Structures are given as C-alpha cells and as structure tokens.
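This structure is in structure tokens; I'll ask about it shortly.
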Amino acid sequence: MRILVINPNISEALTNLIAEETRRAASPGTELLFATAPFGVEYIETRMEAVIGGYASACIAAERYGEYDGVIIDAFGDPGLLGIKELLDVPVVGMTEAALASACLLGQRFSIIAISSRIKAWYLETVERSHLTTRLASIRSLNDNLRSISTVQEDHTERLKELAVQAVEQDGADVIILAGAPLAGLARSIEGQLPVPVVDGVSSAVRHCESLIALKPGHAVKGSFARPPLKPNKGLPPALAALLNRTR
Amino acid sequence: MRILVINPNISEALTNLIAEETRRAASPGTELLFATAPFGVEYIETRMEAVIGGYASACIAAERYGEYDGVIIDAFGDPGLLGIKELLDVPVVGMTEAALASACLLGQRFSIIAISSRIKAWYLETVERSHLTTRLASIRSLNDNLRSISTVQEDHTERLKELAVQAVEQDGADVIILAGAPLAGLARSIEGQLPVPVVDGVSSAVRHCESLIALKPGHAVKGSFARPPLKPNKGLPPALAALLNRTR
Amino acid sequence: MRILVINPNISEALTNLIAEETRRAASPGTELLFATAPFGVEYIETRMEAVIGGYASACIAAERYGEYDGVIIDAFGDPGLLGIKELLDVPVVGMTEAALASACLLGQRFSIIAISSRIKAWYLETVERSHLTTRLASIRSLNDNLRSISTVQEDHTERLKELAVQAVEQDGADVIILAGAPLAGLARSIEGQLPVPVVDGVSSAVRHCESLIALKPGHAVKGSFARPPLKPNKGLPPALAALLNRTR
Amino acid sequence: MRILVINPNISEALTNLIAEETRRAASPGTELLFATAPFGVEYIETRMEAVIGGYASACIAAERYGEYDGVIIDAFGDPGLLGIKELLDVPVVGMTEAALASACLLGQRFSIIAISSRIKAWYLETVERSHLTTRLASIRSLNDNLRSISTVQEDHTERLKELAVQAVEQDGADVIILAGAPLAGLARSIEGQLPVPVVDGVSSAVRHCESLIALKPGHAVKGSFARPPLKPNKGLPPALAALLNRTR
Amino acid sequence: MRILVINPNISEALTNLIAEETRRAASPGTELLFATAPFGVEYIETRMEAVIGGYASACIAAERYGEYDGVIIDAFGDPGLLGIKELLDVPVVGMTEAALASACLLGQRFSIIAISSRIKAWYLETVERSHLTTRLASIRSLNDNLRSISTVQEDHTERLKELAVQAVEQDGADVIILAGAPLAGLARSIEGQLPVPVVDGVSSAVRHCESLIALKPGHAVKGSFARPPLKPNKGLPPALAALLNRTR
Amino acid sequence: MRILVINPNISEALTNLIAEETRRAASPGTELLFATAPFGVEYIETRMEAVIGGYASACIAAERYGEYDGVIIDAFGDPGLLGIKELLDVPVVGMTEAALASACLLGQRFSIIAISSRIKAWYLETVERSHLTTRLASIRSLNDNLRSISTVQEDHTERLKELAVQAVEQDGADVIILAGAPLAGLARSIEGQLPVPVVDGVSSAVRHCESLIALKPGHAVKGSFARPPLKPNKGLPPALAALLNRTR
C-alpha cells in the first residue's frame, strides 16, 4: 500500500523529521511518499495559519491524486482534514485524530504536551472538534522562544518530560500525547522514561492509516463525507478542480 | 464606519442578494463595500468547499486591508472566520455566528432552515464550534434539487415556511434561523407569517458588526486572537504575506 | 425607538451609572427611559435576591407597558429575563446575555470579572442557562468588602485590571467581560489598557436591543415564548394582571 | 418533625390534591403544614408564572419561618427553589428535584409525562438546571385543553398511561415521572399498570425532605447557599425583610 | 421492611463500620441485614477491584434473595450496581448514587473528599456514570499511606476537614461528600464543624433505600432494567443462575 | 507478536466466528490465541451479564498471563475492559472502543447497528464511557427474536443493511458500526453494498491491538491505569491473586 504523508508546513526540515519517524513506525511493505506545503508558513500554530495549511494540503492531495491508497495530514491541528476526507475516496488520517485514537485506547484521560503557549488554543479546538474535551486532562506547553523548530527535541527534552510528569501527577493524565511534528520521534527516544504510556502523532498516523486501508471499510457515496455536489467552480488549481468536477 | 462584506462564494448573483439585504438592514451612515470570492465554488455546502472559501476570504480581507473598520464573512458556516479574526485588528463577524447571537437573544432554542440536505452536516458543525448544540432544536432542509441558487426564494418560500412551522410545532423551536446567503431577505419578505421570531444571518451580521465597531472593545494583542507570531512564510499572495509579516 | 432600561436593584446611584453608560452607547435617535426597582435589595448578588429582582422587573415592565419598543433588564444575572420575554411582545434583552453575545462575537473563550466572590455562583448559573459554560474560561472576582457599590470603579480599577490580565494569561481568555452594573462604563474608561477585547454589559445591551428592534424579527405567538395561557390569577399588581389577562 | 408544604399556585383544589398524597406518603410522626400562594396564577406552566410563583413561595416561607424543620416547594419546575434554599437554614426540597432524585435511583434514563404541551419548555429548563438532560429520555404531554386542573386524573388517566408506555418503548425510558401537582397520587392509583417504575414528585418530595431533616447534614454558612449578604432593602413584606436582615 | 446491606470489600472491620452508621441512620422499624464479600480485596480503590467487587456483590444478592425488600451496595463507586438492579425486583441503592442524590438536594455543586489519591479516577468515573460531572466542584484526597482502613477517621479527621474547607473556599463546593465506607459516620461525628452541608454515603443510602421501598414505584418488566433475557448460562453460583433462569 | 482474544461469552460458536474474522484481519506474523469464557452467559446483552463477563475475562487474562503481548476483549460493551487494563502491563483493547476508534477516523458521526433491542441501553452506556455520545447518530437494532446467535448473519443480513441505510439517510450517520460478535465478518461480506464506510469491531480490535503493540507506548506505573495497590485479598482464582500480589 502507498501512503502520501503531507506536511502542511513549508519547512523541509519538518518533513524530514516526519519522514524519519514515519519510516520507523510503518509496517513492512508500506510505501511512503512525502510532500511539503508549497505555500504557507514555517510552522502552523494558529487558526489563520491552519486556514492556509488546510488549503495547501488539499491542493497537494489533489495534485498527487492517483499515486496513493491513503493520505496523512501531518500537522497537529489537522488543517483541512475533514474537507480533504470529502474530496478523496481513500482513508485520510490527521496527526491529531490519530494521536487521540491511540490515547483513547491506552487510557481514559490524556494530556497534550505542546511546544508553544500560542498553539494551545488551536489544539484545544482540535480536541473539541473530536468531541473529546471531557477526556482531556490538560494541555501544557513550553513557554520559551524556540531557537528553531527543528531543534526543539535537542533543546527541550528535559522540560517536556517535566511537563508530562506534571500532567500525570497534577492533572490526572493516564496518557501523554507529545504534540506537533517538531516532536516526531521523541516518544520513541524517551521510551520508558515516563510513568504512563506516551503517544506520538506521527507514528500513530501511519499505523492507523495502514489499518484503515487494510480493513477496507469502503468510502462514502452518501452522507456528509461523500464528494461535494457538482457545481460551477473557478480559479482553482487544475488538479483540485478536476477532483471537484468528477462525476461518480 | 466602513464595512467590507465578503461573499466567500464565486457567485455574483449571491453577492447581489447579500448586498440588497445588507443595505436594507444597515444603519444610516454605514458605508458598505462588497467583494466576491475570486476563486472557489458557486455555493459552499461542504467542509471541502469551506476550506477553499475560507482561504479565499482571507485573501480578500488582506487585499482590501485598510479600506474598512469591520469585516463580514457572509456565508453560513463562517468559512475561515476564526482565522481571519486573528489576522485583522478590526471586528470580523460571520453570518452564522451573527444569526446565532440574534437567535439566542430572542429565545432559548432555535431551529435552522436550510436549502439542501447536504449542507446540514456543515451547519451542525458550525453550531458545534459555537458550543450551542444544546440550544439547537433542529436543522430542517429542502430536499429538492434547486433550479438555481438565486431563485430559491422564488421557488421554495412556501416549503421553507412549512419547514419552519414543523420546527416550532414538532421540534420545540422558539426562533427560526433562515440559513444561507440564498435566503437573504426572506425573513423580511415573510414578516409576520411565522408564529415565532425569524432571524436572517445577513441582516444580523451587518447590525452586529456595526455594534462591535461602535462599542470599541479593543483588539487582541495577547491570547489566541492576537496576530499569528512572526515566522517565515512563502508562496502567499503579497497582501496576505504583508499582514503576516507586520510587526506590531 | 424607545427603550425602557430597568435596574432590578433599588439603588438610584446604580440607575444613574447605568443611564450614563447607556446614553453614551446608544445610537442617535434612540429614546431611553429608565426605571429603578421599587422594592428589593440594593445590589443583587444571590439567587434569592434575583427572585425578588425578577418579580420587581416584571412589575415595572407591566406598569410601563405601551411606552417602549424594547426592554433591557440591566443586572448581571438577568433576573426574571426569560419570563419577561414571554410577557411582552417586544424585544427584551438582559445585561448578561448581551455581554455574552458580544463576547462570543469577539473571541472563542471569555472570562468574567466580578466585584464580589459571593456573586460568582449566580454568574456561573447565568452562563449555564445560556449553555455557554464550555466557552467560559474563568470567573475572577474582587474579594474585598466594598466601600460602596457606587465607588467600585473609583476604588478598584487597578485590581480589576490585574484580574483581567490573569484571566488572559492563566485562564486562556480571549475576551474580558466586566460584569455587573457597578462596572458600567469601566470598559470605556480603560480602553486600550487590556491586551484583549473588553465587553461591558450595559453598552452591549442597548446596542443589541436596538438591533433586535431594527431587525423586526417578529414575536412569538406559539412556542415557549408566546404569552402565558389565559387562566385565573389573583393578588397581582393591576398592570401585570392586565398583561396576563390579554386576549390575543 | 414539621414540614411546610408550599403550593406556589393559587388553587386551593391543587393544595388539597397535594395534601392528600403528601399525607399518604409521609412517615409516621411527620407533622405536615400546607400553604397556598396568596397571589399568582391558578397553575404555573411558564417561566413568567414561575417568576411570580417563586416570589410568592419565598414570601410564604418567610411568613411561616419558625414553624417548620423543612420546606417543600410543590410545583413541578421548582419556582424560586434555589433562592429559598439560600434564605432558610433548614432543608428545602422542590417537587422536580425530588422526582429527579427518585428517578435517578431507580434507573438510568427517565421520561417526564406532563399535562400540557406548553409546560414542556419549562420542565426541560428545570431538568437542565439539575444538569440531567443527558439522562432525560423524553418529555411527552397531553395536548388537549384541560376541563379543569383538578380533574386531569379523572379525565386523562388512560392517555397518560399511553404516553408513558410510548416513552418506555420508543424513547428508552427506564423510569416514568408523572409530573405536576395535578397528577399527585396518580402513580399510587395506577400502581402495577406500567412496565417500569413510576415516580410521583409530591410523595418523593416529602420522603426526601424527611430524609434530609433526619440526616442532619448541617446548613451553609459559607458558599453560595449561605444567607445573602446583609445590605439595604426596601418595599419587601416584613417577614421577608426580617430574614434578609438577620445577623448570623 | 428488611434491607440487605452489602459490603463489596472483604473487610469485616469495614462491615462493622458500615453497620454502625447504618443502624444510627435507619428509621425505626427497618430491619437491617449485613453481608461481607466472600471474595475480593480488602478495600476497593480501582476499576479492577470494582470488577471483582461487583461480581461478588451480585453473588451475595442472589444468595440472599428472598430475605430482603431492598439492597444497598455500600462501597463508594457502586460496583456492579446497575447490573444488580436488573437482576432484582426490589430497590437497589448504591452508596455513591445515594450520596449524590443527597448532595444534589442540598446544593448545586459538591466536592468529594476521598481517602486516597488512587481512588480519585474511579470516583470521577462513577460521577460520570451519573452524568453529574458538571456539578462536581472537585475531588480532593488524602495522599498519605494509610495505617489501616479502619483507623482512617481516628488518624486523619483534621486533614479531611481541611480538605473540605479548601473545597468550599477554593473550588466553590456548596456541599461536601465524605466518600468511602471507611469514613462512614464521620459526617455525624463532625456535625457543625464544616461551613456547608456534609453528606455521608452510608446514611444516605439507608434513608433513600427506605424511601424507595415505601414509595412503591414498581419494578421494571420492560426497558433496560428488566431482568436479563432468558438464555443458556453455565458455571455460575446456583443462586445466581437461579435468578437468571427465572421465568416471569 | 502474540495476541490473546477473549470471548467473554460462553458460546464456542461465537468464539469461532470471532476467530475467523480475526484471522482474516490480522497482519502477517501475528500469532493469535483464543479463549472462551468458562462461566457466564451465552451472549451478553445487559449490564448484569457484563458484570459476569467482565470478571470472567479478568480471570482468563490472569490465567493466560505470560502467553501474550496484547489482549482483546471481544464483546461489544467491553466488559471489564478498564479494570483489565489496570491489571496487565500490555495493551488491552475492547471491541467497542476499537470500533469507535475506527469510526472516528472515518467520519464525524456514526451509527451502531445492533442485533437486539435490549442490547441498546448497554451499548449507549458503553459509548458514554468513551465520552462520544455527541458523535453517535443513532443506535438501531433488530427487534425479532433470534433463531440463534450464530445464524444472525444468515438470517438477517438484508434487514441489517436496511437499518444501516436508515441510519445514513434519517439519522445523519457518516459511518456504520455493525456491532456485536455475532456480526463479526459481516462488514467484509457486504463490502461495497452500503453507501458509507462500515466498521467491524472484531477486525478493528486486532488491527488496533497490533498497532499499540508495535508503537511501544509503554505502560502505566503511575496514574489510574497502574496496577492496583498491594493489599490483602481472598477467595480469588490463584492466577488473578498472583497478578494482584505482584510487587513491581
């Protein structure tokens, strides 16, 4: 099976980080394709940036349509995710929803550890969209200015572990989600160092996407995830227009 | 005060319909500017179409930045709304949130009358984003294929009124929201014909946007609606990039 | 248009404070009438006091029936509000619901800054009645004994601003509501001094009441906000009995 | 122990109905006092009528203060209940909250059978105030005009039983609440005729009030149910003013 | 009336503590039977221990079937409660649900004071099962290792009172629930020492069980609390199998 | 990796059905072990039956401890699941939670199609325990008496498909969950016949259990899913006692 992993951010360094952890987590035989947003911002932290990243992700998914059996939107916050699910007839998995699925299978309440305080509102709203806020123990974050998004793990692993322990001891978290592409692979590198299960969205996404492809649940031709109704459009990238113009 | 009214759909006919009702509802002295999405679809009914319409609306708001004291995103579903609120330092009001604000002031539970069954899921999720689902009595919709989005009122007023009465009598609605730009002005033209208050999102939006401008609440320089943090971006329309690159 | 502004408290000083801010916020051409509760307590902070204030407000609204196109119940907590909406066939707006409407249009999560710790439970229950608790970031309050309810702003502005900043920085508030009639006008006098939008219930109430009157949504003749069914009553003030005894 | 049972309606016939069922349900040794609202409406069905009935109940409770060890507010909808709990230092139990307590102990989901369609909104809001809407299977009601509130049982028992069976079979109710003082005693007279447990608010109220008196939980001197803070008041019935003016 | 009080823990010392408080709280004329779990753990604090205790309680209830008019499951967390309600045709009351019923009648928000930090998650989930989490102000607990579960009151009363006061002052609790069988009777012995009403689950359970027996609500023959459908079973204790094999 | 699949029902026919679908869905290289409840009922439909099945499942998991890297509890309703997660230091997955995880990744709202009306309440409570009721579009079920639980698919496939289509068209389901072990494999055999994605709990469980084992999230040594505290126990099967008596 072939999975297209989309980084909705413009940073190639993040794409590399995502690619490394995705490859480590994927099952044997899964073919992985990676794509970086051709337009947008270095690292999505806010709703406005997610508006851009969602559209960019949809454009990529359309451009590469036909190359894959499943798609991953690999930014915490899942920009454009539900829309892209409508557009395609293959499984589309978001990093956040994948992390939440893992966390819910590992415990009853989870905390999210994030890399900036600004990003917390967007994460909260992403959890709300999954209707799981009452299982959210807390969102805790670094408050420092980051030297670089590609060195967050190098610079801040100890502090991130402290935040996780506080979430367990003070907030009642059963599971820790290390959130955001810049933390891809951290759960693996600190394995055994936290007192509760630790979830990485990137590795969860590739495993769950593989599972959905393997389970062959079928895709929607009715209901709210069927393809949008045919109607006039204009000004869209040709690949995106082509998908919207398909007759079934 | 000057208000920019954005139609996130590409249909000029819809912009005209919106403009007519907006002008009727606006206070004396309010200057109104209108804009139609330069790219996207004729009429947004789904999450994917909203991803496009949200980005298009942000591009318009950036392009016209400096011309207005407030912005209205005039598609039910409020595409891109929370993101655009981050981007700008003036009030930004969505058609749905405006209708919900009016409805909540007029009664305890409201129903939404929509023009297509496909659109119901997107509307439900928009109400969820406002955390008001427990005040939502029902969403009822036309099920017919529409001859044209600009003739919905002409073709379907009687059926829409029947749906509204069912919402009152069977679902317990205290207030009816006639949803979607194609119904702009219908509440006014059927005044007195329904047994409960009737809300039009377009007229609500312009009144509430005027109120927010007049009340001068200030804008966010901290918290989740402050401008997104400065960071590298690429490939964006110059006006949008310029807004993201502003230093405060 | 004529709007009757009811102060459900017996304090004339509060009525004056309300009147000043209401006049500053009202649109040109709006005629304002003011009334003070003829019985009750100086300043409503609890559910019992609201039982009294709600009944007093209904009596005033009935007594002055015919003089107005809309009514405002100007105590945070909205005593008697939903009942009075049933009684009258014009828009009736409460200070809290007006503040919540403004806050919801300005951000996703809001905090309420209150003048006494005792009042917090009543405010929380008022937000619950609006089904908006999941958008409530926090309620923070002064804990001091107040010298006088008419000097709260004079005595405590700095502390109130500190509480607001804590709500933004520690609780994640996008918007601050300065709650209670004794704080009427404070948002205006500290304009620009807080890092997020600030909402005043008194000014919000008059603007939203004007909007509802202008929008002409119609009033309920069916559903739960129609006039109460005709039935025997006794012992009521004549004006109130007259309203209950109307045939439609 | 002495319990004052307040009928917030002005109807003596209802007081008699309440008194009969209360006497049948009370424990041996409980002394029962009854009071009928001196002002208000015949039978509370709406929020406005509850504003009046709540104030009337508070006046009665104050007038009779010293005669009782506990108070029951015996109208479904619990007018003024939380306020009266603040006012008094003895247990105060509402008919609805008593019925809900019984229902919750007998099953997981309950339905309310009501005597008029208009009353349903008020009942729903009363359940909301108890935060139990997610355990509410349905509210079903008679839709007929009632010959008289004191002959509802005589006229409509079969229809009420049908509604109850529908609630079990179609709505998933585990327990039926026969709601409203006019149905006092009906659960007893149809014992064994419904396929699930049946709850009567009047009998539940007296049993639960007795239990609270017997358990001696103490009363609030801090928190939101402590007596309202001392402050100026005017125009109140002397007994009510006296209670508000007490120093502790 | 005869009530069987089941201690789902294996500790006879706890049964004695429960029995003493139950006898003090019961009405004159109530005959009380007590049973201790024949298998399980000393004191249930976790979900796994509750799985065992729930099954043990069901076995006891079946073994003693015919001896009682009502049953109490006297461990906070109500192990097996809803299942045992299906099994029997008499009222079955859990310690937690009884405490919650009392607390809800005494105030709007309550806190639970517990004897170990580990037990907090189980208690939270028990409150969730009652759908009352939005009325839960907090769960606070001892953090010490306990000398013995039968000396908790002797050793920790002062600390428990401190936790209760914190719950009132910092968390907004209107009512305190002293949770868990090891605290049976503590509310009585500290009567008057806390500033809000205090609820004891053990005494609440016996009073509410008596009330349900006295009110004769009937039992379910349809719906989700009717006896489980007849079907093959094997390997069960004979008394339990006999109850499952009954034809109606 | 080795996974123990527990059938909490006593029916070997069900175990065979589960085993067949589990083998079809498992990844190459996964070793599967199966176990049938040694005591309990033929097919769990109610809370009481789940109390038994939960305890039986715990006993099996303890008995076979050391043979597996992960455990599946393969009855819809997940009897004993959270308790067994505490007991073991490997991933434990329930059939319902696995189905919900798949469904949430495939759409926003899902319906459950069940084989008996009695089972609906238990399923609803299982969804509540996952805090996902607001994403549940409906539970629809067969109402017939079943000839045999092992011939449900043979006898009722057409009716089950009708129920699924109703859930999509009338209830707004984006995804269908075919619930209960008796329907294991049905999603596969009707692939392509329903207009939305279809989820099978048995195949979902094995894929998700494999993923959790592969992702190596670690297990809880603190928090509410750590092993229960050491304490006296008695009367338990030796293997279960041994697990509870482990020191870490």
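Labels A, B, C, D, E and F are assigned to the chains in the order they are written; within every chain, residues are numbered from 1.
In this text, a residue touches a chain if its C-beta (ideal position, glycine included) is under 8 Å from a C-beta of that chain, and two chains touch if they have at least 3 such contacts.
Owing to the predicted nature of the structure, the values given are computational and were not obtained by experimental measurement.
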Practice item. Check every other chain and keep only those touching both chain B and chain E; list them. Key: A, C, D, F
Check your understanding: Which chain's mean C-alpha position is the greatest distance from chain B's?
Key -> E
Exercise for review: For copies chain E and chain F, work out whether under half or over half of the interface numbers are shared, and give different or same accordingly.
Suggested key: same
Study note, to complete from the structure: Between A-B and B-D, more contacting C-beta pairs sit at A-B
Practice item. For chain C and chain E, let me know how many angstrom lie between their CA-based centres, rounded off. Key: 43
Review point. So, what's the distance in Å between the C-alpha centres of chain C and chain B?
Key: 27
Review point. If you average the Cα atoms of chain C and of chain F to get two centres, how far apart are those centres in Å?
Key: 51
Exercise for review: Check each residue of chain B and list the ones that touch at least two other chains.
Suggested key: 82, 85, 108-109, 120-121, 125, 134, 172, 174, 223-224
Check your understanding: Considering only which chains touch which, how would you classify the arrangement: line, ring, star, complete or other?
Key -> other
Review point. Okay, what are all the chain pairs that touch?
Key: A-B, A-C, A-E, A-F, B-C, B-D, B-F, C-D, C-E, D-E, D-F, E-F
Check your understanding: Considering the complex alone, what residue numbers of chain F touch chain A?
Key -> 25, 27, 82, 85, 91, 93, 97-98, 100-102, 104-109, 130-132, 134-135, 168-169, 172-175, 187-188, 191-192, 194-200, 203-204, 207-208, 211-212, 214-226
Exercise for review: Show which residues of chain A lie in contact with chain E when the two form their complex.
Suggested key: 108-109, 134, 172, 174
Practice item. Sort out for me which residues of chain E touch chain A in the complex. Key: 120-121, 124-125, 133
Review point. Along chain A, where are the residues that touch chain B in the complex?
Key: 10, 38-43, 45-52, 54-55, 58, 80, 82-87, 116, 118, 120-122, 125, 128-129, 223-224, 228-229, 231-236, 240, 244
